[in-house]
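Before any comments, here is the structure.
As written, the chain order gives the labels A, B, C and D, with residue 1 at the start of each chain.
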Amino acid sequence: MVEYIKDFKWEKGMSTKEFVKQLGSIGYQSIELRKSAEAMAKMKREGAKIFLTFTSNMVTSGLRGFFAQIIEKGLAQVCVTTVGGIEEDIMKADGEKFMVGSFHSDDFENHENGLNRVGNVLVDNQSYMKLEDKLLPILKKLYAKKKNWTPSELFKEIGLMLNDESSILYQAAKKNIPIFCPAITDGAFGFHLYLFQQDHPDFMIDVVGDFKNIVLSTDHNEKKGVICLGGSISKHHAILATLLNGGAEYAVYMTTAKSSSGSLSGATTQEAKSWGKIKDDTDAVTVHGDVSILFPLAMTLTLEILDEEGLLE
Amino acid sequence: MVEYIKDFKWEKGMSTKEFVKQLGSIGYQSIELRKSAEAMAKMKREGAKIFLTFTSNMVTSGLRGFFAQIIEKGLAQVCVTTVGGIEEDIMKADGEKFMVGSFHSDDFENHENGLNRVGNVLVDNQSYMKLEDKLLPILKKLYAKKKNWTPSELFKEIGLMLNDESSILYQAAKKNIPIFCPAITDGAFGFHLYLFQQDHPDFMIDVVGDFKNIVLSTDHNEKKGVICLGGSISKHHAILATLLNGGAEYAVYMTTAKSSSGSLSGATTQEAKSWGKIKDDTDAVTVHGDVSILFPLAMTLTLEILDEEGLLE
Amino acid sequence: MVEYIKDFKWEKGMSTKEFVKQLGSIGYQSIELRKSAEAMAKMKREGAKIFLTFTSNMVTSGLRGFFAQIIEKGLAQVCVTTVGGIEEDIMKADGEKFMVGSFHSDDFENHENGLNRVGNVLVDNQSYMKLEDKLLPILKKLYAKKKNWTPSELFKEIGLMLNDESSILYQAAKKNIPIFCPAITDGAFGFHLYLFQQDHPDFMIDVVGDFKNIVLSTDHNEKKGVICLGGSISKHHAILATLLNGGAEYAVYMTTAKSSSGSLSGATTQEAKSWGKIKDDTDAVTVHGDVSILFPLAMTLTLEILDEEGLLE
Amino acid sequence: MVEYIKDFKWEKGMSTKEFVKQLGSIGYQSIELRKSAEAMAKMKREGAKIFLTFTSNMVTSGLRGFFAQIIEKGLAQVCVTTVGGIEEDIMKADGEKFMVGSFHSDDFENHENGLNRVGNVLVDNQSYMKLEDKLLPILKKLYAKKKNWTPSELFKEIGLMLNDESSILYQAAKKNIPIFCPAITDGAFGFHLYLFQQDHPDFMIDVVGDFKNIVLSTDHNEKKGVICLGGSISKHHAILATLLNGGAEYAVYMTTAKSSSGSLSGATTQEAKSWGKIKDDTDAVTVHGDVSILFPLAMTLTLEILDEEGLLE
């Protein structure tokens, strides 16, 4: 069936749902955006296990509470991220606030003011210092239980100690959704683990154990979907875990990276077709652009569709 | 006043207006998107002459009817574009329909099927052939009036002959908004002008005359705003015309191009500050990404704001 | 025949030729770069008419003298560019010098110092003023000959008046290579044409005549190659002219633009295959990256190959 | 002192060294490329500890042997990478060969042929299977020594068992250069560690121990330089380690990522200035583009400079 390009027209009071639907008839990335929304709805409708991956800078942003909401609504059964995002989720659950800044602010001045610039978001260095005060007693409590922890076990315990509906760790812990973080030491968190290990030499983070956990989090017979926001090892790890289980049936990638350099961060879902499980072009969608706009936009349509179908948790 | 990053949360039935407002607290390009919406509203509120520039591929897409609507609502007083967009606006006013395709369709096959692929939009080659039948009688009629035409005069006459509320040329002609196209021969339109000139050697397109027209379309005392969608000579020409009149007070750029290659297509509004007229950081905004998503999204908030303020025409 | 990835190794005193050859076994864009060098050599070897397109910012850079050299060596039979490049070629032939600057210099300060920043290149505003003094007498002299000029005729006459081996216009004029510029008014040049037309109302720039000239610059039977550096209407115009003559047999594109937005600037040579004339994958090569590095690197190998084969002029 | 843009001219037999020097006067990224070469030479000349980071796809490419050579010549004192690169270095040391492919090959067909496509490089799936046969006896041997290994200890032991001058692990082991890999399980290597741990439950990979090792690999008083090729956690980890030691004095980044999304992969050395240690603009250089071309090009000049100064090992 041929679909035609349609002129977009503004209508007063237009809902976001209607807006995204209309994007599907404009052209270029707008078409892919609508397709991605439908592919994400289909993953849930068909009962796929959904692997959601995102990078730290997205948790620095206001997507953090949205990820928590998505987990709560049942749209992610496995999460993979980098450790900066874990840290900042905890900071925010503890009341820390990040500021709207500018891409062009003076970095010497930021340095003098004790501000850490992440694009156009500013983080007070104090927030990192308070993290230490927060983490130490937690690590002590956990160490008292046992010496050897996988990252996902650790995050679940921490999640249970938080009390913030907008926290990724909190919602994931409540719903028993594992959060994997294959490079747990690559951040302030790693520094605190190192300090703790200095005093408790038998304290051990077992990353190999978590590789087992993610590989066994699904199986060949289960339908699988991957939603990869940005690139990095988060994306790579989820794809690897599903491939070891026969490949995913659905894939949505949103990225600013290009495929021309051969990096996985820039790899598109075209390549995903080589996994041999994707049957329909509409089930593998790449949208090029900034996740801070694309993801809430597409996911809003997904949520509205699933809500109508009574499929949200 | 410090603004804070806020967790985005989906609410059932959320309006696009509310959605874009919330983008302003997420981070990265989402913040810039909201700023761009507000800068565009401010241009209108402050009575600036607005130069809107866009490229042909955007007219190929469903943004075409949106541009027409924006002109009709009084949000563009001068337009600059490339000639492919002019052609396709006429084709569409004549009933031609373009199709939703795929970035990955087989180009050999498209060729055999007489389809011209523009990203994920497909145009039937027949549409270009019908254009010839359409243009020839028009050129004859205009030639009967006079021999020497500037592009903007030509487009106005054509616009008056169309009868399509969604046509850019039609709405611009009705509102007496000039459409400039500094490279009028760079497309099928150019080919038809050439054929016509073969039979009518004294038929002349006066591009220098149109340079005069765009330079005199504003002056030093008038407030000026530029909304540049994509790069290309459309962007360059509008910036040049405003610079020759002392520079613009407001600038919104939306682009996928990078500034690292020194091209104007990728130049950001940072550079625009060197014009010396922009007083406030919030008046010069660059948003990186695909215009097919960014522009309708931002402009929807702009239209809602101006509608509330009674400033739409 | 299978080619293998080979470990690159530095050798003291390695020639650029050897370097580019080795790039062909590294991976990603390096492979495409070597292929592009070979495709450009093949165009010449097979006697194709070569359309070379570049944008103004490249003439701002030191590629300007290289383009002149390439024309002189017989590697371009038709040039297409934007008018900024024409202006700057003339300025430089007149002794103007541009400066190495920084992408991050303060644009307010540049403005105060009368400097125009193009990426990390700085142009003194005085250079533009001197252009006026240069152009006026030229236009007067040409006007005395006839009233109606196509851009390519104009540039040829100007080229003959320059005396700089490194000038594009000079070398092109000497070798009778046409330079097309479909948007001749989009720059300071346009402003001077406008001022001149004010005083000489029957002075006319005939862009339609130049469309005829580029269409008739080749024919269906001649082999054709396009080398498109950057995007813009330069690229579009050369592709259009070759398509109207049945399509090119060879195509090399170098660009930082992405294909995801449907713009021709970002279109790759994959699409070029749909023209139906390209027989071999190795004849259509896209290299992603900055032309200021890619082009001299690839073209050096091309020149060395052709020099060995005695095919340079 | 003002530097001027100079016309690039091809000279027959031009050396790569001379070529890169001339790039410094062209414009845009070519200028940054030459600056990066000089900054890398300066790091060595001033006795800085150099942190070299790269991503897996670069080891898939022929840059692998170049990294080994650079380590051997004394231009990297600490390496950080992702685990895919470790795997492929071992495969290649074992005689595996990767093939030159195409970005546009059919991925379904590749899948059927047992080929894994990484951009335009093809890897036979057999290569991954042989890795298992290689790794298992190594892990057994190491386990016999002790139960608890940090990744860098593991890689050193493996490096000592290889016998390939072009191997990164081999050269690093020989020169006692640590290779850090904060996400050691994110690849086939992780899968084999997991299988091994199933049979040897007390086998433990101690990533926290390696965080200690990288933090203590330098100190506040030592001069430090970072050369970050591509983004990913490799880049992040090296920056983190130097920041915990007061920040680096020199930084060279080469990347295709953009800063507009707030990811560290796209962060430029502008931001690096906020560390407070970089004194001179010329000591912090970002070059945008594909590392497969940029790095061997810039590093060739670096090596020639240092060779002349007798500073290569």
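By our rule, contacts are C-beta pairs under 8 Å (C-beta built on N, C-alpha and C of every residue); 3 or more make two chains touch, one makes a residue touch a chain.
Note that this is a predicted model, so its numbers are computed, not measured.
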{"item": "Contacts common to subunit B and subunit C (chain labels)", "value": "A, D"}
{"item": "Pair sharing more residue contacts (C-beta pairs) when A-B is set against B-D", "value": "A-B"}
{"item": "Per Cα centroids, the chain farthest from subunit A", "value": "C"}
{"item": "Interchain centroid distance [CA atoms averaged], subunit A/subunit D, Å", "value": "26"}
{"item": "Centre distance in Å when subunit B and subunit D are each reduced to the mean of their C-alpha atoms", "value": "44"}
{"item": "CA centroid of subunit A to CA centroid of subunit B, Å", "value": "35"}
{"item": "Subunit D residues counted as touching two or more neighbouring chains", "value": "27-29, 57, 60-61, 103, 118-121, 258, 260-262, 270, 288, 290-292"}
{"item": "Chain-level touch network, classified as line, ring, star, complete or other", "value": "complete"}
{"item": "Partner subunit A, residues of subunit C touching it in the complex", "value": "27-29, 258, 260-262, 288"}
{"item": "Parts of subunit D lying in touch with subunit C, wherever the complex brings them together", "value": "2-10, 12-19, 22-33, 57, 60-66, 68-69, 92, 97-100, 102-104, 118-121, 166, 270, 281, 288-294, 296-297, 299-300, 303-304, 307"}
{"item": "Subunit B-touching residues of subunit C, taken from the complex the two chains share", "value": "55-57, 60-61, 82, 84, 103, 107-108, 110-111, 117-121, 148, 182-187, 190-191, 193-194, 197-198, 203-212, 215, 230-233, 236-237, 240, 244, 256-266, 270-271, 273-276, 290-292"}
